[in-house]
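Accompanying notes for the structure given below.
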Amino acid sequence: MKPDMTVNIAGIALRNPVMTASGTFGYGAEFAQYVDLEKIGAFVTKGLSLQPRAGNPTPRIVETPGGMLNAIGLQNVGIDAFIEKKVPFLRTVNTPAIANFFGNTVDEYVEMARRLDGIPEIAALEVNISCPNVKQGGIVFGTDAQCAFGVVAACREATIKPLIVKLSPNVTDIVSMARACADAGADALSLINTLTGMAIDLNSRKPVLANITGGFSGPAIKPVALRMVWQVARVVKIPIIGIGGIMTATDALEFILAGATAIQVGTASFINPSAAQEIAEGMEAWLVNNGVASVNSLIGALEV
Amino acid sequence: MQFKSMILANAEVSPGYWRMRMTAPPEFAAAQPGQFVMVRVNSAIDPLLRRPFGIFDVGTYVPAHSGAQPQPYLEMLYRVVGKGTAMLSELHETDLLDILGPLGKGFDLGPLEEEKLIVGGGVGLAPLYLLAKELVRQSRVRLFAGGRTRDDILCITEFERLGVECYVATEDGSLGERGLVTEALEKRLDLDAGNASIFACGPHGMLNAVAAIAARRALSCQVSLEGYMACGMGACLGCVTPGHHHSPETPDYRCVCTDGPVFDSVDLKWGA
Amino acid sequence: MKPDMTVNIAGIALRNPVMTASGTFGYGAEFAQYVDLEKIGAFVTKGLSLQPRAGNPTPRIVETPGGMLNAIGLQNVGIDAFIEKKVPFLRTVNTPAIANFFGNTVDEYVEMARRLDGIPEIAALEVNISCPNVKQGGIVFGTDAQCAFGVVAACREATIKPLIVKLSPNVTDIVSMARACADAGADALSLINTLTGMAIDLNSRKPVLANITGGFSGPAIKPVALRMVWQVARVVKIPIIGIGGIMTATDALEFILAGATAIQVGTASFINPSAAQEIAEGMEAWLVNNGVASVNSLIGALEV
Amino acid sequence: MQFKSMILANAEVSPGYWRMRMTAPPEFAAAQPGQFVMVRVNSAIDPLLRRPFGIFDVGTYVPAHSGAQPQPYLEMLYRVVGKGTAMLSELHETDLLDILGPLGKGFDLGPLEEEKLIVGGGVGLAPLYLLAKELVRQSRVRLFAGGRTRDDILCITEFERLGVECYVATEDGSLGERGLVTEALEKRLDLDAGNASIFACGPHGMLNAVAAIAARRALSCQVSLEGYMACGMGACLGCVTPGHHHSPETPDYRCVCTDGPVFDSVDLKWGA
């Protein structure tokens, strides 16, 4: 018997819990050759901003033990070009597309939420709050609960689409961040975004990344991600999307046990471009082999 | 495309440089010179990322067992520089590799009547052999191969066998002329620039010099770049290089993996 | 010419910058067969408390991609048994021994500092503030700057030996933690202690560790450690001991470039028990090969 | 001690079970039965930690080249259960491994006049062969080998060759008696307990049952435990097991790696 793989995130029904993570899957079309997009639950676009962003100088990526750092600098085509050049592709795919976005000020966030709200091809919004608030001296929105509440509440006003908030793991207390976002009206939480890391080239005596520090992703960060998902899932009512180092169906199911309703595959798609589809298939096979009728019965089913 | 490839041969051709032949799907017969592959060195997470390598050659071989049909193969020429390439060099015949490719935009062969000047620095020769194979069909081809010592001059015999005229320059003079390969190129151009076009691959400094030479003489010049890559397919935006009009105020980044790795040199931003 | 490998941390002269990290090297004697203790700069004992501590139930350790989690639960023999059974060995070794310690209350910390202050075989104290403050509702001393200031200032009063404070990386702002400890009178800072992580066993549907979460160490965490050392070194004047995923001499020198005066080798000693000595030797060889006369010229020499 | 060991042979002896022979330093001749080694499966960081394995056998062999002196070797018997053991099974003759050992406290052979009963569950047999080799010199030795199916019954011929009387029990009855190995042990003890002593290694449930049997009959019983290990030398405190008097209020943890892996069963805390 085919197990039930469908889950519901913030009112969107997904055929399975596997999404692709923002910034690791382009705008969807890049991977169409390797992944049958209609075999995954949803895909999330590269983070979008009002104006196109050029991103950082190179080098922008470096491998670290079991992971990688990136300092792409949120390079993206900007909302106008997105609508013109990328949205038409979304229309051709029968899979929810989620738009990840960010801003430098609350006003920019709000304007982005409003613009995206008007695009019928977008099923939900994922707001990336791991960005410095230029108005408040560069403090990262996502590392201060009040700041996070403010920006999320403002975006909430600006859209009727499901609003997912993506949390930064670079905080002392992920639970209070999660609570603030839920209180501000988020429909779901994505966690985690990248940890902040650094790599040095001994011979040149320079940081490897032109940007000095970068976002740390990949299998290495999985233990931190799993811990945060578990901590948040125990106290917050809205659904959680687990992210961080997911390479296999086993990894994905561990996040589900920890309390995630869905998961996102990031860095793994670089190493194996069909990772997301294989993970979805592997999860289903595991359910079959273990006689589990619905993936929903595993959500938060960790026995502690 | 993504495929499992079986290693057919893996041998050190010069100290620190290896040539690997492996099985490939039939689609590889159509690989363009200058395209590349992304190789997963092993299935563990160390090293985590795939490694990019130019396509040195493609062809067909007949497996040893009786009645076998010719099978396509793919070759890479690589230098051991770090962990991933060291692991590659330890692999044996019949070991399997997970490969993505052919990826990227290859060389534009250009008009037939031109003379083709190929410039390779060290392992930069890797993507130029398949190119030379194509070019010799219709054009006169000269190769300028440079390196620090003679150990860095690779596979010249193979190029000669194609009928390519080879010029070698080493910094220590241990093979060919002493000096930089760009000096050898300029010497040749001083003799007869004609309507030659240039194809180059090698260290960034060399490419910079070659692009400058081409610009001064208004010759067409294509260069194949390297860049730190995670995905190889335009998704991560890690591999970018500044385009000609790039400036901090008017940024213009191109993806090495999908807009390149081969670029017309006038489309790129070069150092002083 | 032999390069100068000596460094000075908080008034102690070390023959080289390589120490072993608390909890990964026993009380020193365990590794004597594999490491010539007189070839390393110093060694740090397992964290000590007033009373012996039994630690957590098992499983206590689990491997993760590029790292490991431990939930030993600070098992230790207690200060009395330490003095009676472990200190005599320290007398036989001509290498500074640093005592790592912790408490559940500020009073316990102070009492420990006072007891250790009286042991002549101890060259310096390393205070682990990654412990919950039982009096303040279990908030971890090392995740709140005020709390950290309080405990460090109190320990400072209780000892005239060099006082090193070991920082937790599980914070939003490592720099403000470092500043608070420096202001409270710390002579040096060790960073980082373990990140908090979790592992799940899909088949049993249980956390792998009996303690549910554990401390994450090993090569995987190096990018985070390096980033924090760099961030702190730029603003704090006292010397820094870099820790986190150091496996090779190259790793160690990267931390020195980032601003560390010395480094500690932790998890690496499990994988290669002679790691600390080999790292010290490898660093010296690198200095020779690169014509660097003194390791001190590399401290914070990163070109950014 | 820490040493580089060269693989001499690595063969599957039963589905999923492998036996590896490798070079060892002369000190290994003195390894006690029940001691173990920590093997670094490869030099990359995946897997990161060493893997512990019992010492199945030690001995000497004469290398193939002429005039060679006998060299010591070490053998392991291992089951492929995860990443590390899977990688081990893919290694070839002449590959190198980094090994720590011999580590831990082995079996106490006990008084000569006793009968020795060895109980092994599956790959738990691994450390018992070297033990049997020692015991047969002076005592009568019986082996009780258990497993789920006959595939889990390993190296019986080797034990028989030592003169050990072997009793086999499988849960599915595919070899020997159908049932648990502890039932076979009890049957034998019902016939004649005499002053036998017991040595056991296998899954925790089996050891628990054996310890209970020994306790009921007041027989001496040593068990060899497993535990998740990082260091293998008493430093990390990861591998501990509760001692007899352990309770949450009066905790009493023993290091499997240095206080064990062999313990007198009365010194440990057993489940209900």
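Labels for the chains are A, B, C and D, by order of writing; each one numbers its residues from 1.
Note that a residue touches a chain if its C-beta (ideal position, glycine included) is under 8 Å from a C-beta of that chain, and two chains touch if they have at least 3 such contacts.
Here the structure is a predicted model, which means the values were calculated and not measured.
Listing every chain that touches chain C and chain D alike gives A, B.
Mean C-alpha position of chain B lies 47 Å from that of chain C.
Centre-to-centre separation of chain A and chain C, using mean CA positions: 34 Å.
Each chain gets a centre from the mean of its Cα atoms; for chain B and chain D, those two points are 54 Å apart. Of all residues in chain B, those that touch two or more other chains are 45-47.
Residue positions 65-67, 218-219 of chain A each touch two or more of the other chains. Judged by the touch criterion defined above, the protein chains are all mutually in contact, each touching every other.
Listing the residues of chain A that touch chain B in their complex gives 23-26, 30-31, 33-34, 46, 54-55, 58-63, 65-68, 70, 72, 75, 218-219, 247, 267, 269-274.
Per the touch definition, chain C reaches chain A in the complex via residues 64-67, 69, 143-144, 170-173, 195-200, 202, 204-207, 212-213, 216, 218-224, 226-227, 230, 245, 250, 253-254, 257-258, 286, 301-304.
Within the complex, the chain B residues that touch chain A are 1-2, 40, 45-50, 98, 100, 227-241, 251-253.
Chain A meets chain D in the complex at residues 65-66. Contact residues of chain D toward chain A in the complex are 45-46.
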